[in-house]
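There are two complexes below, and they share subunit A, which is joined by subunit B in the first and by subunit C in the second.
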Partner chain A sequence: MFSITVFSVLLVVLIGLGLYLKSVPIFDQNSFWQLISSSEWRPGSGQFGFLPFIAGTIAITLIAIVLALPIALLSALFLTEFSKSYLKKWVFTALDILAGIPSVVYGVWGTLFIVPWISEKLAPNFVEYSTGYTVLAGGIVLGVMILPLLISLFVEIFSAVPREFRDAALSLGATKWQTSKFVILRKTFPGILAAVILAVSRAFGETIAVLMVCGNLPMVPHSLFDSCYPLPALIANNYGEMLSVPLYESALMLAAFLLFIVVFIFNASSRAVIYRIERKFK
Partner chain B sequence: MKFLYRNPTRASWAEDYSFLNNDLDKSAKEKLEKDKEGLRIKKSYLKVSDLNIYIHKAHILKNVNIEIPDKKITCIIGPSGCGKSTLLKTFNRLIDDTEGIKYEGSILVDDTDIFDKKTEITDIRKKMGLLSQRPCPLPMSIYDNIAFGCKMHGERNRKKLNEIVEEQLKAVGLWEEVKNRLHAPASKLSIGQQQRLCLARGLAVEPEFILADEATSALDPISSKHIEELFVKLKQDYTIILVTHTLRQALRIADHVIFMYLGEVIEAGPADEVFNNPKQELTRKYLEGAFS
Partner chain C sequence: MRLKFIEEKIAKGLMVVASLAVFAFVVNIIYTIFRRGFPALNWEMISQIPAGGYYNGGGGGILNAIIGSLYIVLGSTFLGLLISIPVVFYLNVYLKKDSKLAYVARLAFDVLFGIPSIVYGAFAFTIMIYLGMHTSLGGGILVITLLVIPIFIRSMDEVAQQLPKDLLDSTYALGATKLETIKVVLRQIAPGIATATLLSVGRAIGDAAGVMFTAGFTDSIPTSLGQPAATLPLSVFFQLSSPNADVQDRAYSAALILIFIVLVISILGRLITNHFSKHKI
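Entry: the complex of A and B
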């Protein structure tokens, strides 16, 4: 039993190590900094610049968080502070379904509705022409995907605030909204932070749905209506089709390794924050 | 103010309640009366009539009819689970958030029925300062804790807020202890200090009533003595309603006593009468300690 447990822990280390070893060859010709800051992506001529992919990943994640965070915060506050319990039950059922939908379905939904909507209705107001396969589409789809996670995390965090805090603020004549805003949100701020970090690390790794709507052009996006190419999409699209281009495999492995490290760091820091809060509450 | 029961045979340092006998002497009292008339301090008024409360069909309060005397300490006593806290929380309608609550009857506070649809709940709550069992400082600094209520009611003037904070901290005797660290988090204070902070916070919104729900039960003897002293001092300006588990506390500071049992008010009246000459058999038994 113990050895099995150790094995599953070891898997993480092994995966990390494997990715690193596979990506080492690319460092022979390029420095790490050069790889990350260059935006030239021409595998045929041996130029591997990861900047477009990193920028794309960050842009999409950022848009997703910006869109989902206010909605998630307000819905969670509504559910814990204002709504009746039967409504809560219904909403949770709906959220569970939303969380359970396979991500490829989100991708199809994005291509069928969000992409045409952006290309036909939204983009003409801002830019001359856009295919609709954009950073914004990726952000919206990703935002919808992390929404159930964020709401359920927030609801848990808000319900953990002892009733005394609400009573104290309410009995001073504060309204429910004032209580939520100045007491609940302030009290749970570290928890909110941890939840957001967790959602970000989830969003970073999301592949298929984003891949289907964001255009997949290796360029640094300059507006919401440019296409982009996030790291996971790069790996998923090209691994297996890289033929015999030298160092291509190594470059993709580096992409995977980067992703691995970022998600690892985010997960660890969110855990650290949660741990600190729990200790503080005791 | 001497009761038959209040006769500590073992006088320990924590049980020095001599402050209770420091009733203001006559001339000072007359002067105070005059001041009050000059300021036209209005009498606060709280009357409960035919109050029935149900939570999910459980009958929690049955036909409660009481009047709370102005500028006095009223103690609500009774065994646990008899509805004391529910009654207290009904006064400022904190009970509203309880799932499945239903009420009948009326509670008049200064001639407005608090159950009336037109009554603004925040106005009622502003009139009632609540002091809960465990001190619960809001997650902010000492200063902000006290200024919170005022800010919520639209007071933005820094200078005025500073004045209020200083005045209220002085009123609860906390000013000297915290004046150098007003912006430190309130959770850093000791539990006794926190409770006084909570009292000051309640006073800052200028209530007429102070509702205390076993406000000293979580505190050490010295801190609870401190709070009791404050209540006695504050009853000049506020009507204090105190739910308490400890009979000794009620004996020490109550002017008026309400005894409840299983959701009903069994007996209510001046403390002397209830403690020394209870009319009901049940009250007598409870006071004798036959059940608790």
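Entry: the complex of A and C
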């Protein structure tokens, strides 16, 4: 039992190491800085610029967080501070379903609903023409996907605040909203931050849904209505041909390694913060 | 004085709107898929494997993907349980509450939980190349097992941490060894195991990025671990990339089937969880 435990812990190290070793060959010809700052992507002639993909990933993640955060904060406060328990049951059921829907289904929903909506209704107000397969579409789909994660984390964190804190505020004449604003939100701020970081790292790695709605053109997006090409989509779209082009495999593994490192750092740090908060209130 | 009550009203209104938005998304997603997927749904789709020229509008169905997904889910759930139950038992019975190893292990599983499935897929793919393996059902099962182990461990561990210390003490007092207490512990964490299984089955059946690298895709039903296997999410994805409108309609029906399976699992899971909770102290 000890060895199974230790081995599964070592899995983290193993994955990181494996991906790193696989991506080393590409550093023989390009410096790290060159790779992440160039936007030339021509695997055939050995040019691997990751900038468009990194920019695409960051752009859709930012949009997703900006859209999901207010909804998640408000509904988590509603669930913990305001709502009756029968209402809670309904919302949690909805969240369970939302969390259980496979990402490919989100992708289908995106192509059926969000993409046409953007290209027919929204985009004509701002730009001349847009296919709908855009940064914005990716951001919206991703935002809905991270909602259940964000809300469940927020609910967990808000419920960790002891009853007495609320009672103290309420007995001083504060309304429930003032209590939420000045006591709950302020007390749990580090936790909220940690939860957001966790959601960001989830959003970074989302593949299929994003691949289906983003358009996948390797360019740095300049507006919400441009196409983009996030890192995971790059890996998923090209793994089939990567063995036939020199250094291609190594470039894709570098993409996977970048994802791994970002997710690792984000996860480890935010989990550590959440542990500390839960311990503090215990 | 009045202002804070007005603010309260506004804030509460916004909260209700936000919570309703969650409902709206669920309803909209299911309705959108149902509206496009239901008309194209027929018995042929779920009872036959793709016939020749299926992806150009030929006859047949997606039985290969349904069976493939089923194999992968069953295999990985079984392996995942086999690995994670001893780990949870070890973390909670053998290690002390303030053990450094337990802390690091929990952190590691949280990190593993957050690692995207495409990274697992890429990692498993490099190992399979190294070992000279081809894309196969076995590879798919392995990568999904890696994916579900952290889910199993985290959700079982959450329940196991609530185990009353007195309960363990009374088993020891009756002369049980640490290993023998597993009978009591298992019964106590049974609801946790049920929820964990439910969560991981949901994730296993819906995962596309991991199996894309490792299980491959095929039109036939695999008969051994060494053959490639089709999966439902990939089947949806590939049919949707077809330019043929009929084939795209089938992708929507396949997505509907996938949603249906996931919903059934989650309802069944709820019933099972309630059933298993009866031994809980």
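Heads up, the rule we're going with is that the second predicted complex is superposed on the first by the 277 of 282 C-alpha atoms of A that agree within 3 Å, B and C clash if a C-alpha of one lies under 4 Å from a C-alpha of the other, contacts with A are read in each partner's own complex, and residues count from 1 in each chain.
Definition applied: contacts are C-beta pairs under 8 Å (C-beta built on N, C-alpha and C of every residue); 3 or more make two chains touch, one makes a residue touch a chain.
All values reported here derive from a predicted model rather than from experimental measurement.
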Superposition on subunit A - do subunit B and subunit C clash or fit: fit
First (subunit B), second (subunit C), both or neither touched by A:S85: first
Which superposed partner A:Q178 touches (first subunit B, second subunit C, both, neither): both
Partner chain(s) touched by A:K187 [first = subunit B, second = subunit C, both, neither]: first
More subunit A residues in contact - subunit B or subunit C: C
Which superposed partner A:M212 touches (first subunit B, second subunit C, both, neither): second
Subunit B versus subunit C as contact partner of A:A169, first or second or both or neither: first
Superposition-derived minimum Cα distance between subunit C and subunit B (Å): 5
Touching both subunit B and subunit C, residues of subunit A: 175, 178
Residues of subunit A defined as touching subunit B within the complex: 84-85, 162, 164-175, 178, 182-183, 186-187
Residues of subunit A touching subunit C in the complex: 1-2, 4-6, 8-9, 11-12, 15, 18-19, 22, 70-72, 74-75, 77-79, 82-83, 87, 90-91, 94-98, 100-109, 111-113, 144, 147, 151, 175-178, 180-181, 198, 201-202, 204-208, 212, 232, 235-236, 239, 243, 252-253, 256, 259-260, 263-264, 266-268, 271-272, 275
Sites on subunit B touched by subunit A in the complex: 92, 94, 97, 99, 122-123, 125-126, 128-130, 132, 134, 136, 138-140, 148-149, 152-153, 198, 201-202, 205, 211
Of subunit C, residues touching subunit A in the complex: 4-5, 7-8, 11-12, 14-19, 21-23, 25-26, 28-29, 32-33, 36, 83, 86-87, 89-91, 94, 101, 104-105, 107-120, 122-123, 125-127, 129, 146, 149, 153, 202, 205-209, 212-213, 233-234, 236-237, 240, 251-252, 255, 258-259, 262-263, 265-266
